[in-house]
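Heads up, the next two complexes both have chain A, just with different partners, chain B and then chain C.
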Partner chain A sequence: MGAKAENGVKPTPLASPSSSPFPSLKALKLKTKQQELLIRVSALALIYVLAFAVRLFSVLRYESMIHEFDPYFNYRTTLFLTKNGFYEFWNWFDSESWYPLGRIIGGTLFPGLMVTAALIYRALRFLTFAVHIREVCVLTAPFFASNTTLVAYFFGKEIWDAGAGLAAAALIAICPGYISRSVAGSYDNEGVAIFALLLTFYLFVKAVNTGSLAWGLASAFGYFYMVSAWGGYVFIINLVPLYVLVLLITGRYSMRLYVAYNCMYILGMLLAMQIRFVGFQHVQSGEHMAALGVFFLMQVFYFVDWVKYIINDPKLFHSFLRITLTSAIIVGALALGVGMATGYISPWAGRFYSLLDPTYAKDHIPIIASVSEHQPTAWSSFMFDFHILLFLFPAGLYFCFKRLSDATIFIVMYGLTSMYFAGVMVRLILVATPAVCLISSIALSATIKNLTTLIRKKSKAAQTFSTKGISSLKASAKASLDQALPFQRNVAIALLVGAFYLLGRYAIHCTWVTSEAYSSPSIVLAARSAHGGRVIFDDYREAYFWLRQNTPPDAKVMSWWDYGYQITAMGNRTVIVDNNTWNNTHIATVGRAMSSYEDEAYEIMQSLDVDYVLVVFGGVTGYSSDDINKFLWMVRIGGGVFPVIKEPDYLVNGEYRVDKGAAPKMLNCLMYKLSYYRFGELTTEYGKPTGYDRARGVEIGNKDIKLEYLEEAFTTSNWIVRIYKVKPPKNRW
Partner chain B sequence: MDRRTLVLLFLLLVSSSLGSSSSSSPDIRVLSAERRIDLTSSIVRVFLTLKVENVGASQASDVLLAFPPTDAEHLAILKASTAEGKRKKKIYVPLSVNPTELPDTPNGAHLFSISLRNPLKTGEAAVLEVLYIITHCLEPFPAEISQSETQFVYYHDSAMLLSPYHVMEQITYIKTPSNKVESYTRVDPTNRAGTELRYGLYHDLPPFSYSPIIVHFENNNPFAVVEELVREVEISHWGNLQVREYYKLKHAGARHKGVFSRVEYQSRPSISGVSSFKHLLARLPPRVHSVYYRDEIGNISSSHLRIGSQKSELEIEPRYPLFGGWKATFVIGYGLPLQDFLFKSPDGKHYLNFSFGCPLLETVVDELTIKVVLPEGSKNPSSAVPFPVNQQLETTYAYLDVVGRTTMVLKKRNIVPEHNIPFQVYYDFNPIFMLAEPLMLVSAVFLFFVACIAYLHIDLSIRKS
Partner chain C sequence: MAKSTSSDAQMLVRSLHTAYAATPTNLKIIDLYVVYAIVTAVIQVVYMGIVGSFPFNSFLSGVLSCVGTAVLAVCLRIQVNKENKEFKDLPPERAYADFVLCNLVLHLVVMNFLG
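So, the complex of A and B:
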């Protein structure tokens, strides 16, 4: 159409060149290649903005705030970093957590996230943007999600073509599996780590494809960034050697691979050792041994290759190969055995075990099993997080196998391994998401490309038919005879429409999931009132702010470990245990105190210098993730270390109850008393007896609770957080 | 020793002979004094009507007021006026009041002198109306109360008016918030009726006569004290005035003791925590927009804004009810249309006309800092405040500031709602500076595109592929 209009104008040449815009437009007309570049760049720019914007639901709906639990620790450390500088941060001994043990912050955290946020903050300040560090922290995750789309584009381009890259960028921009950890306010390690992970993989694949030392170096730095940001780097350091091993076995060994892997491994390892939390684990821990083994194998491979070239005699070479291989294996096994036996090489950590064996944590480490995001994944959550990608993924695998190359082998391995891990733990869906998006984008891109070529072929024929008229009728008839299938064009169009329909559904689903499921800060709870209005329960902050303002600055607060980070960050008070669950005994002590009788608990609290006890209680509002519902985990964790606490004491016929039929120990333990103190006087729901617990839907069993060693210090307006003061010891004379 | 007293005596003689500037006490006597002390809120307001007569030989142009040192320390405001004209045309003319010193005041009493408009000739009389406000002088007793108790406070004063002059006739009325008065000192004649206590009439009192009294009464009014308030007023010549106010609020009444029970507080609001307060009212200028209310850990969702044509009211509710001794910090911010507050003076200077003091009603501010952030590029700032303040200059940096903004910092202690009167800040500003920041942005974007074009057109590769 456009061409025709232009033709129509042309016959009136230069009537008034100054007034007519057409000549200048014509001069501006881009070449096809430039057009394609323009479309690609603008599509990418739109995706970049989209990835950022879709993550802002929580900011618009609530406010610019930090979410959940761990992000509060990250925020607090970032605040410290920006205030006191890097050296103070690196040497920070935090006496506010894990009282009386304290915590060496610099040596027990991955500093990548905080340093990144602090650098962004400094850069913005340098550009005279007077932003608050909180805003930077809130928007770090969306910003890195946007950057991830760019990496996904380049990665897709590297393994397939630019179309697949664009599709990958678009898919990953709104994939719920990734959004769940990168909405605005979710200031957690994963936010930058997925970017770092994908960047490292991309750079490594690029290095393998080109054999260039520069790309290898870049991938080492990407790996360094990943190590500094998240413990999930272990996945990289195991996947990459596995990939190399597979290439060696399938006979795809090349000099490119040798350069890429050695450069990445050696430099990456040396750089990673600079992170204090990781230290010498790369040479000492069992989880990192695979990479070391493959590194030596690679040298042997190269050496053997060289010997083969020197000897140039197959028979001699074979005997040589036998001797070297056996000796190499023996030496390796010996070294590993000696290392393990002397304790130089540590065995695998519990979390690593629980990845390989999903039932391990349940039997051995209750503290890992108690976290909901460590549970095995249900099918529904796969569907929820991936939607159509779940069907595109196998199709993409098919296309990858059809056009096998070093790069596609990598993405296939990444996809398959990460899918396995995603099945073991809910939170690892996050790691699988980029792979799933990339592989799906290959399927998508390849399918659409095939379909459109079919349609275009046909339409070209149609065009020739219309222009040349009757004279070329025969030729077109011939062309249509070439087609193998009837209605091919219609089917192709139908399929294309179907594909776009599915993509549309995907976009709708992603937006819906983001807005409904993943954009709640969990500090502020929102509910619908009977009149349809929005009710906000801001009890957590009410309690934390009360602690911050109205308790002595050195007060020690005991609570279950979930709230530790929030109390230190928002309440600015010392806590006994927090979300960094490094000391199981300490947590078990708190669990024991919560599940003992008041007088026994008082002794424990005295020994820990506790001034205030904080419990979360949902009986008034019907908030179900409160301490009574978490209580069995306290009993289990406490009982794991102190056998005095026995789980059956709190159950009646294996059933957990809080009403009249509850176990006597349950009705008189500290947690029960603190949760339900004076709750028996309150009518929570019309037509129900007093002391009706709305979270569990029962009338409580012990309405007459007397506290002897503690007194109520503060209860929030909806009773969600209750704080008790520990009385000083009685005067004995 | 001897010589020094001689010199002093000589100086005294000289000063008294010079007359008017520091008229010594015996020249004036107070014919009648009526004091009305209002104790209904946490701020003590005293209305004093003095009828003075010049009995000396020379003219008197000053009248002295005396305050005990504790009151003088907490004195927030002292205003005097005199009525002029008759009956319906009566207008009150403010008089200037200045602290002064006399060598022979007993027990460290502080003196303030009121300068009369027309000096009093011998035998003439004049009526003076004085208002003074004292903060932090209601002492909670008992100092600690539990949730179910009400708050009682002590008020210390003198039954007689402290005055450097001879007082012929004097009466004092004290108004308490309710008729629950636990006890009061009797200095006959003393009378109590309902919420009013009367001391007097007393006759023929010598100078500096003092008779301490204590009134112990119930006062459940919110003892809201802002320990520190920083108000930042940022002027943008693009049409907006941005105000940010940082509060450190405290309940300065009787300290809360023991448990805080939510059950009691929710179910029996009339008898539980009556001295605590849940919300405060802030009076903001009309046409206020984009109001926010937050603290260090985020937005506080409990506030209501009512916008009217005369005034806007913001009802703020701290995260938790404030009991005695509890604290809360928060920030209130809002925007205002610039044309309501920024004017041009005849000499071409711009000036900001804004209200001093704290927008919260019936609240004492211990330390107030007002920072007026002038636009970047403004010069020669000066301020006009109707009472003495400390002032200094600072530089602050906001978005896209290169040289920084000149900031006028005004500081004053002990602020009461009566301080909510306008003050002015004058400065020179060339409107061309308004374009600096947009131009910076435009050039940055332009440079970015130039860089893109250059990158696309330059081939940097060493080897031609």
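So, the complex of A and C:
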């Protein structure tokens, strides 16, 4: 009795905060919904920061610089945009590349990336952060990767539920397939384009789910951003009509689909035609005809559907159907036939046709075939880039098929088509990555949810069993059921532990892959010296800055097209060919010059006004991506246009050699001479003879090289880049 | 055979006429607008056939503005039609506001594209 009174009188701990020095955590007690929201928001915030941080390896190890080749062009154009404004940028004719042809840059690039970076730069400058445009360019891709994780969360929530959304965001934040093209420093179109792709797909699925014109308009703007960012927008304009077709055929169509597709197609097409590079392709090119065809098909389909609804009489409707269908098919086939026959509708462009027929490029377009990113994908690449997602993907497909809706059909189609294309071309693993991450997240989220429900159901049943007592029949029946599967809970816990272990291995793998394979700037090479310290080869930049400071401003530089963008961006000199590769004959001319004897090459160089020749040579350092290893492609591309260059002349028994047994044309061509000039006097490795080429592993065949029409201007400290000056013609007396 | 198809066609036309007369007036106004837009587009295509398509961007922007506004009007009709179960809790003001917004964007882009 007394204790009870005391219990009633005793104050609760919350009422007297002065009693304890720290505020009790009970004060923060939130409702379950708010707790869940807090967990979700904090998880997303951590994922956002993680996606940004994991891409910063190369900035921390080397410095904040632009990687590779293509990003240098993007950087140069962004610099021009910030200095000269949008009007000059949009109408820019550049005479510093493709001498003497020049290039209409304003009309042949995708401006999305440059405009985005320039806007971010302006915004930061407005807030008085004094950043340099290079820093903004370097960090644009990680920033947009973080934004992609947010879009993946919303997309996953739309397809399945919030748990799948969180899992998708976490998976895509560190997936190596995406990191490979979006590290800090990789200032390329794909960094922004994958964000635009996922955003467009999310907005479209949202439009189909809600049937609202506003979401359709948003998806049209998303499509516009994608078209402005990357040539891969063709994937969207073909996948969405295919999806509509599948829905129409399987009978899952609805009014919402009509509203969403039509709004997105018409507005998206109009907006896309504002980009000069795309132009009128949406009504003239074969790749875009599927969307136009499905648009017309949809009008006919829904019109017929509406008439059927109005008439309400099957017999009359059948006759009506017969008339309209035959007339529509005749008109459509006629239009398509006339369009293709007159050539008005252009057939599929080579680089997209080679996706449908992978052998096409090798036979017909050697430039496309020579790019290493365009080769078919090996299994090891899939494992490298996806890890556990490879087996979570089929599991996710199973879950999607179990719960078919408009959204899951879309993601299944996206996943399957993108996986097919990823198998055809290595570079397209990037496009498949968001689909694989989303579908895998469904499998992951559904499995973990089932397992945890099993665990919690068991313990809840045990609790009710203990508190309610054994009197009710239901409790005893449940108790007997629980006894029947005694290991169910333990198995569930074991499976859950296994799942978390796999996810942990995934995280470790992704971090290792990012650190080892995808964070090298390509323009600065690093190696381990004999004492274990790090040796940096900064030869490329050394050579470009030598060009910038020691050659006349109007000097023209001839090199293979790989280095064109870097020479114009860093060396600030005019080049003959660059990475845009828009003129095959011009590239073939350079290839012919590189593979001819010195006198023939001199004539070609005189016709092109060349002042300097730049070659990349890896014989001293063992660097294997040098011009001698690329030489056969120069021969093939040159020989494709000028039949005087024949590939078998450079091979011995079909084998490509540079040592004593090499073909005589090989030993005396311009590329060989420029690469190995004075190399015969150099000892590169202890115990090997002079002139030992460390990249090919042989002693070179022609050590005593004399140059008649060129003279050596500069060789970098590790002999990686060599620059030669073309001598003016001799005086006649 | 021909007689049955022609009488079929007559019956078809008559039943379509009677069924259509039953639709409410606001939907009929939208249908009239759609027909007007399509007729304008057809006139433009015929004119292009006569004089050639030289400023192709102008031709495209003209035709696409007609087709676009027709399609958007059809979407509005779908959303406002009381017989569509899917859109029964969408207020008609929202449907009309969406229609106006999309048309605004359409015509702004068309004006940029006219050249």
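To be clear about the criterion, the second predicted complex is superposed on the first by the 682 of 733 C-alpha atoms of A that agree within 3 Å, B and C clash if a C-alpha of one lies under 4 Å from a C-alpha of the other, contacts with A are read in each partner's own complex, and residues count from 1 in each chain.
Please note the rule applied: a contact is a pair of C-beta atoms (placed from the backbone, for glycine too) under 8 Å apart; a residue touches a chain by one contact, two chains touch by 3 or more.
Everything quoted here is computed from the prediction, not taken from an experiment.
Of the two partner chains placed by the overlay, only chain C lies in contact with A:I311; chain B stays clear of it.
When both complexes are overlaid on chain A, the residue A:E711 reaches chain B alone and has no touch with chain C.
Of the two partner chains placed around the shared chain by superposition, neither chain B nor chain C is touched by A:L257.
By the touch criterion defined above, A:F280 reaches chain C but does not reach chain B. When the two structures are aligned on the shared chain, A:F129 is found in touch with chain B, with no touch to chain C.
If you check the complex, the residues on chain C that touch chain A are 5, 8-9, 11-12, 15-16, 19-20, 56-57, 60-61, 64, 67-68, 71-72, 74-76, 78-79, 84, 86-87, 90, 95, 98-99, 101-102, 105-106, 109-110, 112-113. Residues 211-214, 216-217, 220, 254-256, 258-259, 262-263, 266-267, 269-271, 273-274, 280, 283, 307, 310-313, 316, 319-320, 323 of chain A are the ones that touch chain C when the two sit in their complex. Within the complex, the chain B residues that touch chain A are 258-263, 266-267, 295-302, 319-320, 325-329, 397-402. Within the complex formed with chain B, the chain A residues making contact are 63, 65, 128-130, 523-524, 536, 538, 541-542, 544-546, 548-550, 570, 678, 681-682, 711-717, 719.
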